[in-house]
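Next, two complexes with subunit A in common: one pairs it with subunit B, the other with subunit C.
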Partner chain A sequence: MATVYVNGKPVDIGNEKLNLIQAAQKAGVLIPHYCWHPALTVVASCRMCLVEVGERKPDGSITMQPKVVPACQTPAKDGTVIVTNSNKAKFAQEQTLEDLLLNHPLDCPVCDKAGECLLQDYTFNFGRAQSRMIDEKNTPPNKPYIGNNVTLFTDRCIMCSRCVRFTREISGTAELQIINRGHHSEIDIFPGEPLNNKLATNVVDLCPVGALCSKDFLYKQRVWNLKTRESVCADCSTGCSIWLDGNKSIVYRLRPRYNPQAQGHFMCDDGRLGYHYVNSIERFLQPMVRRDGKLTPLPWTEILPTIRQAFQSVAQKDAAGVVGVLSPFLTCEEAYLIAKFLKKLSGQVRLALGPVPILGADDTYPKDRRGRPIQPVKFTIRAEKCPNRRGVEEILRYFQGEIISFEQVVHDAAEGRVQAMYLAAGYPPRPGGWISETQAQMLQHIPLIVCHDLLPSPVSNFAHYVLPGASWAEKEGTFVNHAGLAQAIHWGVVPTGQIRTDGQVFLDLLERRGLLHAPTLRKELAAEVPYFAALARGDLGEYGIPLNDERSA
Partner chain B sequence: MADFEPVLLRRILKKASPWLDAYRADGGYRALQKAVHEMTPAQVVDTVKTSGLRGRGGAGFPTGLKWTFLPKDHPGPIYMCINADESEPCTFNNRILMEEDPHQVLEGIILSCYATRASTAYVYLRYEYGRSYRVMQQAIDELYNNNLLGRNILGRDFHLDIYLHRGAAAYICGEETALLESLEGKRGWPRIKPPFPAVEGAFRKPTVVNNIETVACVTHIVDRGADWFKSMGVPPDPKNPRDTGSYGPKLYCISGHVNKPGCVELPLGITLRELIDKYGGGVWKGRKAKGAIPGGISMGIMTEAEFDTPLDFAGPAKVGCLGLGTAAVTVFDEETSIVDVLYNICRFFAHESCGQCTPCREGTGWMLKIMERIRRGQGRLEDLNILEVAGDQMGIIPGTTICGLADGAGWPVKNAIRKFRGEFEQYIRGAKKSRLLELVKTH
Partner chain C sequence: MPIAENEVKWVTVPKAGLLEQLYLPAIFQGLQTTVRHATKTLFGGGAVTQQFPEVEPKLPPNYRGVHRLNRDEQGRVKCVACYMCSTACPAHCIDIVAAPSPWPDREKYPETFVIDELRCIYCGMCEQACPVDAIELTTLYDLSGFSREALMFDKEKLLSVFDETVKAGTDPIRTRSGRLSVASELPADTGLTSSSSAQS
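And now, the complex of A and B:
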């Protein structure tokens, strides 16, 4: 057990190996820092985290070191004394900030980072009000193309070298480097070798200032207008924790949120830039029924009772002919509700798992210069491109003991053994689509098809009822990732048009009252389905809850 | 000290041949024979330690002590890096040693490797030293042909390879950890310490980094004994517990506004005035000196009134300079504008700062911009305060940078401002203009 003293306040840091920045964090004291990042090596070059350090002897006497030291490089030991607010430490921090601003253009009004910029924040908190420099600033030319998704405003760079270390240590692709020397140093790429690896845009998050900007987000919104919610990326089964930044009904960007249980600090570009379908104008906006071969709008209040009755009447005649298809994009709560609805019609109703999109093989980083993966793996982009296969499978397993594949259902449909089908799809548009034309044709002769989806697909062309689904960015619930980690997602944007969240629709089909409230449903789910028992508190916390599963052990 | 017999420059002054046979005829490789056949490595280390030899590269760290920092019983390999990246302005003693008497240096390297059990030595030459490279390579080839390098040197269980490595002409690569980075093929950026090179240096193995002149001294310490070495120089100051004394001969480089610029070998402790007047032939054109740089420009500036300071490891610090440095004295006469001197210094450091730590990267550039402006005649009096504070707060001594380049960049600035403030103020007020600028204007 080690005790450190931060500005005179004793803090127990246990047996963890921490540096002074982390130790001070435990005491609630912010030591400003730029170059240090918990996932990257220590270079101690920005000199922002200078503090006074001393040692407290067992007899209570304190000896301070004569000079300021970088907190990121100094390990916290028992009896370490950290002083961040002495004149000496404050002067050193102030001086570093003044130095950093010497050649910084101070173009905050047009800078994308303004509002979440560490240079702004630290200057406000630790810097001096005015620069003493009256000379001209260096103005290195901007580099609009250093990668397909990243642009570099060279003059704003403070040379913390986080981005360079990221490409060397995490992605391993080493595209970025520092060229020139002294105050003419710049970040750059080798000619003809742009920053195009699949983790590239993480450098934008790592950049403490507005030097590296995401082309996807550039000049779209001022960050203070964005509403930020905790969520989980839905693009692969890694289930990266993210911040979902949206405004009104538009998603503007996704940023990785640190989660040691899921992915760590970063996320891939596939997930980060894969959200655009949420804002697509092609999405279904209202519930529709097919009349005379044409889809015509029908209000929710009319369409839902109709669907309920239709399913009930089919189930009375041929319960085994009723099939529910639950896509792996549903949340656990939604899967639970629709399964409950369909199984309530009759125990013989069959539930199938929707198509699970698999693309290639798992892609691990870091890679070497030839693109071959190397150990130890620091980041994995999974081949399974859906967020909740495990969660939905567990629901299916609970309700009918076995998991029927989508191929099986299609096969049965082609043989005319399916009388009614509820497709709870919610698939994002990905190359190839979630269902092929041939498969769709085999479903064509089913007498009753409800297609509950986001976007037009081969099925919605002939489905009898088309319900607009909500995307993951618009709903709340639980995703279980490839390793069985249950994480909560929250709605970040309001669905447009008449879209209702899928869970709400299922509640209405079940004739249950009230609005969907994920924690309440989660408690219900935990009480009923043993696999989810660990979620009984309803709240999953920041990092989610690992569900222990004997099968994977 | 007029009758001092040169040791390191002994053969150079005689214009002796750099070939192995000639060096052997002058008593060369006697020390190596003695060490390999009669002494254990630990005894060699002890000899160097008792001699009080301090590193000649600038910092003056005791060499024997540095060698003892290597981990005991390390399975190896241990590397020896010889710093011949002699890039401190006005310093040229390593070049003379390498070009004129390469075997003396190489014998020192072999002895140092024997003492530290290093199996490979890298000599990091600055890029500009093409002739040194060729002469040294020739000498190394001779040694391989004569069983003084390679496997089983002199029939004993002692193996050593020496490689020459030419840098890419960067001042920062003279800093020991930047040198190691550069040697490994990376960007020459100093490493954070710990770990120190003795624990984890080149290629993540224990490494000793020594200067050319230091290893040349090792040759003579082993040959003539520690007591001989200690008979020269200045004993430690009893009032300063951190002073370990300045023993042995030192190569002083004299340049600038003197009648006879050059390199002389003298025991440590000669005063600057004696050095200039007696060995440098006095200030040129019958003028008086305004000041001098005691040991490469990073060590600061001495005024004429401070010329009686002895040039040993502790001396220059007594008058506010950083230290002895490389003992390269540059004199500037009374006609020289201090503004021009400081501008030139600032330009050098702004160009050579590696750009890693913020205070040095931005600070050197800022100081240069201020000096440019002052020189243009647009200076303000408060600029002098800014320069003084900026010079004071960067470096390892206040703790704001990784390596000592920033100390060296800040020191002459604050020295110049403190010691010549009147002249700066006069210049800024417009009373006196730079002569150099007038010369440029007339062209």
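And now, the complex of A and C:
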């Protein structure tokens, strides 16, 4: 057991291999740093983390090193003494910041990073108030195209080289490099080799200043206007933890949130830029019923009892003809509620898993220059493009023991064995759509179809009831990723129009009172479905809870 | 730099003496003004009241009236769409949509810039917040319109207020001139010097 002394305070760091920044973090002391990132190699090039370091001998005497040393490069060991608040350390921080700011254009008012910029934060906390620079600043021209999703404001760069190391170590594609020397150093790409790998936009998050900016978010909002919520990316079954930044019912950007259990520090561009359908104007905004072949709006208070009665009457006549299709985009709570509603009609009602979108094969990073994957794998983009197949499958397994595939349902429908269908879809618009025209045609003759979806699809063209669904950014619940990690999602934006969250609609169908409260439902789910027993606390914490599955073990 | 403990000045409210607690001196002081005005009107010193609609009042140049959006020397909007004004605005009456600027010397400009003049409380915080002196409050005070929409001033309207006030020679007093970007550079002949490059 190693003890480190941070500003005179002893901290037990156990047997972990830590550098001084991490050791000080354990003591609650921030050592400012730019170039160091826990997922990247150490280069100690920014010199921001200079601290005084010494050693406490077993006899209690302390010997300090004569010079300040970079904390990121110095391993913490038993008896290490770190001093961050001495005059010497403070002077080093101040000097480093003054150097970094020499050529920085200070265009904070027009910089997208302002408000979450480490250069701003550290200058405020550790820097000096006045610049002594009297010469002209270097103003290298901006590079608006270094990739399809990334733009470079060259003059704002402080040469921490995080982005360069990211493309070399995590994505492996090595598009970025530093050209020129000294104060004329610049980040650049090789001519004709832009930064277009699928992890490219992570360099925007890695950039401690506003040099690398996301084109998708460029000048859209100032960051202090955004409301940030913890959520989970719904684009593939990796289930990357994310920050969801929205304002006034509009999602503006997604950022990766560190989660060692899910994906680590990063996220892919497919997920990051795949949120736009949430803001789509095509979305259903009100519940509608088909009258004389045309969809006409009907208030929730009327449409839900109508749907409930319609399903009850069909279930009385032919319970096996009632089918519920649960898409893998539903949260576990929603799947549980709709399954409960349908199974309450009759035990013979069948529940099926909606189409699971699979696109190509799992895509792993790093890759070499020719695009071939290299071991060890540091990031995986899954082929299964849905967030919660496992969770929904487990609910289905609990309620009926087997999982009926969507193809089976379509087959039955074509043979006229389906009398009523509840499509809890919630699919995002992806190339090809979630249902093909031929499949939709086979469903056309079902006497009662409720299509609960976000956007128009071949089914909604003939469905008898169309209910507007809420996207993952608008609801609370649990997603279970490919590895069985249950993570909580939180609403980041308020749904527009008359959209209600799917879970709320299911609660109303069940004639249960009150508003949907995910933690309460999670407890209920944990008590009832053994697979989810680990969620009994209701709160899933920052990193989620791994669900133990005996079958896969 | 965060504010250091020794830079903070604590001020206490001075204690009122016996005379001040009586309030009588203050009352007589106030009455004095009333009596002065009354005698002036009665005994031929001229009326104190202003004949408003007929005679335009002379307002001090730091009066806070309708906003204007300033133009730079090339006639372009000076605003760089930094949202500082809308962030500072306590009434949330400024709505900006930013876009990459069409000009090479600037990165960002306001695609739309709308001020709800009815919602505005004319506090002048936008003027103080602006790093490029693009927004200013003019001495135009007689603001009226036939609809609420007519008083949602957009970029063109605000720029036209600038043109009008420049033509009328009723430029407001600058609150502060910073040297933060090219957009804030002053023409040399204004006589106003840029403040020293206080950069942190």
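Definition applied: the second predicted complex is superposed on the first by the 553 of 553 C-alpha atoms of A that agree within 3 Å, B and C clash if a C-alpha of one lies under 4 Å from a C-alpha of the other, contacts with A are read in each partner's own complex, and residues count from 1 in each chain.
Methods note: contacts are C-beta pairs under 8 Å (C-beta built on N, C-alpha and C of every residue); 3 or more make two chains touch, one makes a residue touch a chain.
Quick caveat, the model's predicted, so the values are computed rather than measured.
Colleague: So if we stack both complexes on subunit A, do subunit B and subunit C clash, or do they fit?
Modeller: The answer is fit.
Colleague: Between subunit B and subunit C, whom does A:48 touch in the aligned arrangement: first, second, both, or neither?
Modeller: Once the two structures are laid over each other on A, A:48 reaches subunit B alone.
Colleague: So which one touches more of the residues on subunit A, subunit B or subunit C?
Modeller: Tallying touched residues of subunit A, the top partner is B.
Colleague: Quick check for you: in the superposed arrangement, does A:225 touch first (subunit B), second (subunit C), both or neither?
Modeller: Only subunit C; A:225 stays clear of subunit B.
Colleague: Between subunit B (first) and subunit C (second), which does A:158 come into contact with in this model arrangement: first, second, both, or neither?
Modeller: A:158: touches subunit B, not subunit C.
Colleague: After the superposition on A, what does A:203 contact: first (subunit B), second (subunit C), both or neither?
Modeller: neither
Colleague: Is A:181 contacted by the first partner subunit B, the second partner subunit C, both or neither?
Modeller: After superposing on A, A:181 lies in contact with subunit B but is clear of subunit C.
Colleague: Could you tell me if A:128 is touching subunit B, subunit C, both of them or neither one (first, second, both, neither)?
Modeller: second
Colleague: Does the superposition put A:107 against subunit B (first), subunit C (second), both, or neither?
Modeller: second
Colleague: Using only C-alpha atoms, work out how near subunit B sits to subunit C after the chain A superposition, in angstrom.
Modeller: 16
Colleague: Let me check the overlay on chain A: which residues of subunit A are in contact with subunit B and also with subunit C?
Modeller: 133
Colleague: Spell out the part of subunit C that touches subunit A in their complex, as residue ranges.
Modeller: Against subunit A, subunit C makes touches at 1-2, 80-84, 87, 98-100, 106-108, 131-132, 180-181, 197-200.
Colleague: Okay, in this complex, where on subunit B does subunit A touch?
Modeller: Checking each residue of subunit B against subunit A gives 170, 172, 187, 192, 350-359, 361-366, 369-370, 372-373, 382, 386, 393, 396-402.
Colleague: Would you mind writing out the residues of subunit A in touch with subunit B in their complex?
Modeller: Result: residues 42-48, 50, 65, 67-69, 73, 91-92, 95-96, 99-100, 102-103, 132-133, 135-136, 138, 158-159, 177-178, 180-185 of subunit A touch subunit B.
Colleague: Using the touch definition up top, name the residues of subunit A that touch subunit C in the complex.
Modeller: 101, 106-107, 109-110, 123-125, 127-131, 133, 142, 153, 218-220, 222, 224-225
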